[in-house]
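Look at the two complexes coming up: chain A is in both, with chain B in one and chain C in the other.
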Partner chain A sequence: MRRKLRIYVPFALNELKTQLSYRGAFYLFILISTFSSFISYFLWMAIYGSTDKVMLGGLTRNEMVVYIFMVYVTRSIVCISISDWVSEDVVKGTVAMNLIKPMDYRLSLISRALGRSGYQFLVPSVFIWIGLELYKVNVLGMQVTGIWNILLYFISSIMSFLIFVLFDFCVGMIAFFTNYIFGLLMVKEALLRFLTGELIPLSFFPECVQRIFDFLPFSSMVYTPVMIYLGKYNTAELGFVLARQAVWVVLLYLLGSLIWKKVTTRLVVLGG
Partner chain B sequence: MIEVRHVSKEFVSPKKYPGLKGAIKGLFSTEKVVKKAVEDISFTIQDGEIVGYIGSNGAGKSTTIKMMTGIMKPTSGECIVNGINPSAQRKKNAQEIGVVFGQRTQLWWDLPLSESFTILKEIYNVSDEDYAERMKFLNQVLQLDAFFDRPVRTLSLGQRMRADLGAALLHNPKVLYLDEPTIGLDLVVKDNIRAAIKEINEKYQTTVILTTHDIGDIEELCNRIIIIDEGKKIYDGSLEELKDTYGTRRTVSMEIKSPKEIVGLDLPEKLKVTEQACKVDFDEERKALSVSFDKHKLQVPQVLNAVMEVTEVSDIQIQETQLAEIVKEIYNHGLKQADS
Partner chain C sequence: MKTIKRYLRLYRVLIVQFFKVIMQSKVDFLMGLFGFFFTQVTGILFLYLVFEQIPFLQGWSLEQLIFIYGFAQIPRGIDHLFTDNIWLVAWRLVINGDFDRYMLRPMNVFFQVIAEKLQPDALGELLVGTILVIHSCRKGIVVTDALHIGLFFVSILAGALIYTSIKLFFASFAFWIKKSGPFLQVAYEMADFAKYPTEMYAKGIRFLITWVIPFAFVAYLPASYFLGRGGFFGAGSSNVGVIGIECLIAGLFWCIAYSVFQKGISIYESAGN
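Presenting the complex of A and B:
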């Protein structure tokens, strides 16, 4: 175990260092993504402003503000698109350089994603989170989120991270069969925004659609930790959603191993 | 050490049709095209050998290397490296081998070179003492010091190649695969790389398999060469043997005082050999006579005597067939034609 850590921790640290060496691009990315959060914020405020109802989809106006920005924070630490890296490795043939080393390709990708996640948490998520808490207390007059909820949120987020990267690894594996998955990645991005509840909280969907979402891994990626943060689950529900996340981690891990086994038997390394 | 037994590799790809109509047809077609990249290749390599694996572009060299390193699985047949089947036990095999793909780098592009080496140290579980000792040696043969703290992306090709070679050797692998290690390098760096490979082979008894298009690499490094063409092995043996068997021609170039006498001279008839065994080429304007002959059938003095009987010669040059030409001949026509 310690040896494993020693091998894979450098991948996480290196991703961090690499990100630091390309700061300019990253700040631009932050600007664009916070921008879309603000669009979403103004849109929802307009919707709440035009109705007499206090609650929409089980969320009050103030809770919606928290939802929007916590989705941003969660997304930036959970949704690390490792399939982009896989696709690049396949198209350029650099996957060969990973396979000649005595290490697990998936673990090295996940470690790298962890590094990226850590960086995105520091820049700028943690500041947006603190800003949100200050705004909540001072302007909206809400309570500070309890330490217990924050703790549960992080536990849930770690599982969300694992669910996302394990799922995304499986998506990336398609690149080994088709060589080119750029289009597919665009589709994945668009679908995930919808299915994870990033655009519209899943509680807005009709009952029957929500039941379907219950059986898919996507609601466990972003929606679950944010709802935990908002304190929307009672103890029984809490146990259920966390257990469901754990089950998805195991299932997607096994699925990924299976696909990887298939892939390595028919792997084609492109180029020279 | 390394055993390759009847290895074949086929690539299956969907059939492509020409034109726009063809592109649409291709969407619905299930026809497949099978391309055989490597066909039934077998060889055995002993400990400490340096083997040159050569062939024209697309002959299947890199594919074979990829199968030996375990990153591609052969369609049929098997490789055994140190008693390990590389494609079945990729990670175990990877611990024992070092690989340099000349056109790629295994270093971390955005990080200082030193960082790449520390990561590799962890990945291969190299102890601190071994690391210090190995680095000392690598610095001595590859001079990594000069750019050890610079990001890899800022290195020149020659520096990067030296760094890549160093990275592949950090864990003291038993087998070193080099896929075109001197591609695009200048003469001095090439020499350094070759010297380094030689030194490593001597010091650690590392088995080296290298593919290259540079005849210089082969002449300086390899005691044995394997030539493949269109996926099939066509030659396996020592370099001298190849030269002996296929480098059978010698060329004598002479500068002649009076061209007129030469025009009337029929050398093959005079020396009583066939035209094939003694080809004469005469440039009247430059007064240059060149005779290319089979060294098993004729000797240089015989040819010189025959010429000097009729005219005076002012300058003589004798050339052996170059390895480059033998190899070129083999690439062009396969082995049989080169034989005749």
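Presenting the complex of A and C:
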């Protein structure tokens, strides 16, 4: 265990350092990343303004505000696209170097993702989160989120992170079969935005579609922790959604191992 | 006249080269196309789900919003198809010193930049846009007299020119700061705001996307004219003037962007050894 930490912790720290050294451009990207949250915010305010209903999709207007910005926070700590790194390694051929080193490629990627996640939590998520709590209490007149909910939210988010990166590792494996996965990553991006509940809470989907979502890992990536944060689950449901997340972590871990074994037996690297 | 002929011939030669590259990797081409197509489709699905809950959004029906959404894709797609190489100026060409090659050839530099690449991914946006606009026309919510149809084509061309100008303007910063990609990206992503009626935004944002980075004149405002809605110049007014302002902005922004680009070229220094 000690040895493992010694090997993989530097990956996380390196990523953190890299991010910290390129701050200039990063601030602009933070700005861009908030655009879609603000568009949703205004759009949802207009939507709630156009109806007499108090609840839409099981959420009140104020809860929707929390939902939109907690999705932003959750996304920036959970959705670290490691498939980008995999495709970069494959296209450049550096993946060969990773294969001959005595370490697990997937674990090194996940450690790196953890570094990125930590950084994105610091800049800017934690500020947006605090800002949201202040706004909630002072402007919307809601209660501060309880410590219990926050704790459960973080437990759930950690599992979400694992589900996401393990899933994304499998997606990244496609890079071994085709050189241009830009288009594919775009489809993935669009699909995830939709299926994880980022674009619209999953409770807006028709009943039968929601049943299907129950059997997919996507709702466990973003929707589950945010709904936990909002306190939308009772104790029994809480146990169920957390258990479901744990099951997905295990399943996707096994799937990733299987694909990795298959892929590495047929890998061809050009150049030297 | 002779120069125009020469440039047309050159463009054809360059583009034919480019098509040869695409033909080598058909799968990539199809995936890119599908990627952009799919991204737009989720935007429409979002609107459908929302309108399951409400009949109107600030007086707009689902069909009308879909038209605005689709219309917004067309100028964006045209610009994306023809001038995608501008992105590389912002991100790579200047800082790497690769821009040298444009300076050496006896051709207009801007022409060389855009002629080097066609972006087939853009067909995904054009496809979605066209399908949605045709769909809206068949629903009969779009005004389709001769004037509107004529102005429709004027508007999408002017819109595409606004896109190109904004891209060129921010990309040209690269000549001073070497890498202007992030700035360009901020400006470009602002276009997403104009896919929806801009009245719903806070005043500051509305002003920004109407007059500073005028994407509202590319998407929402002309689209509302084609839907027969007025009111931009006060209650009861027709919005036909919007198309006029759009053309004016397109011309103005193009002149500014192009002169900044020219100025940038004149101070360009190559990188490397």
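Rule of thumb we're sticking to: the second predicted complex is superposed on the first by the 271 of 272 C-alpha atoms of A that agree within 3 Å, B and C clash if a C-alpha of one lies under 4 Å from a C-alpha of the other, contacts with A are read in each partner's own complex, and residues count from 1 in each chain.
The rule we apply is simple: a residue touches a chain if its C-beta (ideal position, glycine included) is under 8 Å from a C-beta of that chain, and two chains touch if they have at least 3 such contacts.
The shown structure was predicted, so the numbers you read here are calculated from the model rather than taken from an experiment.
In the model built by aligning both structures on chain A, chain B fits alongside chain C without clashing.
In the superposed model, A:140 lies in contact with neither chain B nor chain C.
With both structures placed on the common chain, the touch criterion links A:25 to chain C but leaves chain B unconnected. In the superposition on chain A, A:56 makes contact with chain C only, while chain B stays out of contact range. With chain A as the common frame, chain A serves as the apex of an angle whose CA-centre rays point to chain B and chain C; its value is 80 degrees, to a multiple of 10. In the superposed model, A:10 lies in contact with chain B only, and not with chain C.
Shared-chain residue A:204: touches chain C; no touch with chain B.
Contact comparison for chain A: of chain B and chain C, C touches the greater number of residues.
In the overlay built on the shared chain, the residue A:36 is in contact with chain C alone; chain B does not reach it. For the three-chain overlay built from the shared chain A, the minimum Cα spacing from chain B to chain C equals 5 Å. Contact residues of chain A toward chain B in the complex are 3, 6-7, 10-11, 14, 17-18, 21-22, 93-97, 99-104, 264-269, 271-272.
Here chain C touches chain A in the complex through residues 25, 27-28, 30-36, 38-39, 41-42, 45-46, 49-50, 52-54, 56-58, 121, 181-183, 185-186, 189-190, 192-193, 196-197, 200-202, 205, going by the rule given at the top. The touching residues of chain B, counted against chain A in their complex, run 11, 62, 66, 69-73, 87, 90-92, 94-95, 97, 99, 101-106, 108, 110-111, 115, 118-120, 122-125, 151, 179-180.
Of all the residues in chain A, the ones that touch chain C in their complex are 24-25, 28-29, 31-32, 35-36, 38-39, 42-43, 45-47, 49-51, 53, 56-57, 178-187, 189-191, 193-194, 199-200, 204-206.
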